[in-house]
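Both complexes below contain subunit A, partnered by subunit B and then by subunit C.
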Partner chain A sequence: MWVIYTLNGLYFAALLFLISLGLNIILGVMGILNLAHGSLYAIGAFIAAWVIIAIGMKVPPFFLYVTLLSGLVLAGIVGFLMEKSLIRFMYKRTLEYQLLLTFGVLMLLEDVIKMIWGGQAYYASAPFDLLGKVDIGGHVYPTYFLFVMAIALIAGLFIWLFMSKTKLGIMLRAISLDREMATGLGLDINRLSTFAFVLGSGLAGLAGALVVPTTPALLGFGHEPLILGFIVVVVGGLGSLKGALVGSLLVGFTRSFGIAIFPEIELPLLFLIAGIILVVKPEGLFGR
Partner chain B sequence: MGLKQISKNPRWIIYLLIFIALLFIPRMLSIHDLMLFEYGITFAIVGLGFNLLLGYTGLLSFGHGAYFAAGAYSVAMIAKYLPQAYSLEILIPASLFFSLILSIIFGFVCVRHTKIFFSILALSLSMLLFALLFKLYHITGGSDGLRVPLPTLFGMSFKGIRRPEFLSGTYYYFLLGVFSISFLVMRGIVSSPFGKALQAIRDNEVRAELIGIRVRRYRLYAFMISGMFVGLGGALWTFVNGHVTADLSHWVFSGEIVYMTLLGGFGIFEGPIIGAMIFTYLKLYAMGNTQYWMFVIGATLIVLVLILPNGVAGAVSSLWTKVKKKTN
Partner chain C sequence: MLLNIENLDVFIGSTQILRNISLGVNEGEIVCLLGRNGAGKSSIIKSIIGLYPSRSGKITFREKDITPLSPRKKVLSGIGYSPEDTRIFTELTVEENINLSTWVRGKGEIFSYEKIFAIFPKIKDFLDRKGLNLSGGEKKMVSIARALALNPSLLLLDEAFEGLAPLVVNHFMEALRQIRKLGVTILLGESNVRIVSQITERTYIIERGEIIFEGHPREILENERLLKLVGK
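Right, the complex of A and B next:
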């Protein structure tokens, strides 16, 4: 059974990595903690479920997996609109206003989701069922979970290469290190911030879309991932990509083994471990 | 503050007039409106406590629902497990005690940080309490919550009396009394040397430390006091509501506390009280008229952040100074 628990841990970690990566990019580059991040995740889940249900079995199976990208696209678009219309005015404001604004957006988006998709659950398990199961060391394991891990790995590598090798990535890192200096060097802060916000939002949407074949999309879908994403960010350190990776693995494994061994207190256990890490290392594992 | 100073300061005369007006509220409002007003008063106490941390110490906690829940659950748990001690004069100190304990534990972890880290940490810890309240079904009632019966007060029993009658009679005056005491105590705290030290920490941490203020310890004290006030508000709230659920410790509820404080204006002492009242009515109005009440509340919040950053009280007071300038 330990093989399965380990794989489940990796699967949880993969999803959390996508969520907290987005949260961390936005936090690092813009200094804003996006409380509406969970809603973007939910939007990604709903649109993917909706598209999969709408096109059903009419398309070749390969295309079904491409539709999962709809979550990334729509969440990115919502993120774009959000940044252009509201977040933009918040860079010079104090923390209270930044947090409350995203809290307002969260409430707004929750009800927009309710208006569009109503209160019912959306089942879209086709991509999950189609992949079937594989045999791993004598245990049967859904192939789809492995697919999710692969996607998260690719996304992580992509972001890492992007941030360390491309000019755009280096500019984003420059902003996160010293916003004022970056402006002084002539970087177009506004455009880059929009880009970072869209990227972060898209990653949340992608995570939501990847989840929806395994669990139905419901109202309040993004609440728990948001909190887990926060724990990852806090444990890993604010604005650190390495921290997001290690934090996700830690939270993922704690969850998977916690569910297996102490199902009642799996979530409190997670908080306990996070609390101990913070008391020992207040700035998080890889915090600056 | 001496009597002479009080008579010189028109502020205290206004407070007194408002207090006298509040005494007659049960005769003026219908029972439904009165209940709403009582919700408002309990949240006003919460707002007073919360603002000591936000407005005076400069720490934004997104997890104060935890202390609200601590106060509320102390009442509900005593009702369930210690019914012989179920009377207001024991319940109030008990809820103060438990919210104090919780805020010492959580505060100790949180005050090592400031700004955004403090906020996320406070939020995560409140979710820890939420997870416990939610999961330990056999003790806390889980998602069903716990029912809260009517308490006794100094031997007075309210058996056979229905909740609305209880709320419009004795309990209203009890609530008003506790609110007035909390108001005076908080007023005393913010104008004491301790309160000034907190404001110094808020304005410049390094300077405060240099003049010998023990920053982290003072932050913890502020956290504790604020937690106790919020817990007191939570305890008083349970009797009005009659039911507690784990949602009280959820961070969205904490967000509503922040919202109220901002709505009234956290730069002004009375701001959170006004904010609590307006928020209570706004939320009920929105919930009564549309199923998309979160949309209304969220949109209001966004507008507020963009155009009224100092809240309603802030806007009124700046308008007042403008009018004064013109007449002079």
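Right, the complex of A and C next:
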């Protein structure tokens, strides 16, 4: 069973990596602690489920997986509207204002989800079912979980290449390192911040879309991923891709093995780890 | 006049940090803002570039009112900024730090690497090094080079000589003279009157957020009261 626990740990880590990567980009580049990040994850899940149910099996299987990108696109659009209409007025405000505003947006988005998709659960298992199962060392394991891990790996590589090799990525890193200097140097902070928020929101939406073939989308779907995403950021450190990866793996494995060995204290254990890191290394394992 | 400031008042929260500042910089000059730490030199420079918004007063650059403009628009209009503590992006390489400025300039005329290397030849040797691994002097060079890459007509240089060894100070003074020869006007924030006297013809003394003197640095060296005031 250890093989399965390890694979499950990697699967949790893959999803958390996508969520925390988005959270990390938004917090690092814009200094915004976005409590509505979980709602963007939920929007990704609902739209992907809705699209998959709507098109059913009328399209070739490959397109069924392409539809998962609808989560990324819609969450990105919602992120764009959020940043343009509300978030940009918070850059110079203190943390309390950001928390109040993004918590308000969280409540608002919950209501919007309820208004559009109602209160029922949306379950779209076709992408999960179609991939079947594989034999790994004598253990049967869903292929879809491996697919999610591969997508997270590709997304991580893409973000790493983007941040280290492209003009846009280097400019975002400069803002994340020293916002005031980047402003004084004439970088287009407003446009770059919008881009960072859209990218971070899109990654949350993608994570939500990837989950929905395995778990039904319900109201309040984004609350737990938000909390776990914050734990990853605390553990891994702000502004570090390596931190997001290691933090996700640590939380993912703790969760997977915690559920198997001591399910009663699985979640408190994660908070304990985050608490210890906050005391011993407040900037996180790889933070600045 | 290239830059003109009239009756500038700047506040941070409810605290007034600059009072009724009026000064001018002519094209081709090296003008210095002289004062002790905390006197208000950096605040004036930050107000010009737009990092500290003014409550009243007017800043004109090339006869155009730039007071309400964003830092980006001020940079694009021809002002470059090298701050007090260099503020190199530590996790970016030297080349990436400088490239940021050329990307900001976009399709506009650029201040080429050749020109930068002519002023600071040593930069060539550590272009691929991260900002984190630079010495104090190297950081200063990169900070000035990064501001120059914006191809400014006015360069705002805050404490360019702070913490440098005497030999390096001479090298930097020579670099500033070269920059001026290339047609770049310099407004320098500095706390050392001996350095100021070797490089500028016109100096303003700042004390507690106010300008209390304007004249040749020689006048300061010959005046005990002013010398005591600037602390050197």
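Going forward, the second predicted complex is superposed on the first by the 288 of 288 C-alpha atoms of A that agree within 3 Å, B and C clash if a C-alpha of one lies under 4 Å from a C-alpha of the other, contacts with A are read in each partner's own complex, and residues count from 1 in each chain.
Quick note on the criterion: a contact is a pair of C-beta atoms (placed from the backbone, for glycine too) under 8 Å apart; a residue touches a chain by one contact, two chains touch by 3 or more.
Keep in mind it's a predicted model, so treat the numbers as computed, not measured.
In this overlay on subunit A, subunit B fits alongside subunit C without clashing. Contact comparison for subunit A: of subunit B and subunit C, B touches the greater number of residues.
Of the two partner chains, subunit C is the only one touched by A:M181; subunit B is not. In the superposed model, A:K167 makes contact with subunit C only, not with subunit B.
With subunit A as the corner point and C-alpha centres for all three chains, the angle toward subunit B and subunit C works out to 80 degrees, nearest 10. By the document's definition of touching, neither partner reaches A:D135: not subunit B, not subunit C. By the document's definition of touching, of the two partners only subunit C reaches A:I189; subunit B does not. Least inter-chain distance for subunit B and subunit C in the combined superposition, rounded to the nearest angstrom, is 11, based on C-alpha atoms. No residue of subunit A contacts both subunit B in one complex and subunit C in the other. Contact residues on subunit A toward subunit B in their complex (touch as defined above): 27, 31, 33, 35, 86, 89, 93, 95-97, 99-101, 103-112, 114-115, 223, 227, 230-231, 233-234, 238, 264-265, 267-268, 271-272, 274-275, 278-279, 282.
Residues 54, 60, 62, 109, 112-113, 115-117, 119-121, 123-125, 127-128, 131-132, 135-136, 251-252, 255, 258-259, 262, 266, 291-295, 297-302, 305-306, 309 of subunit B are the ones touching subunit A in the complex. For subunit C in complex with subunit A, the residues that touch the partner chain are 46, 49-51, 71-72, 74-76, 81, 83, 87, 89-92, 96, 99-101, 103-104, 146-147, 150. Within the complex, the subunit A residues that touch subunit C are 167, 170-171, 173-174, 177-178, 180-189, 288.
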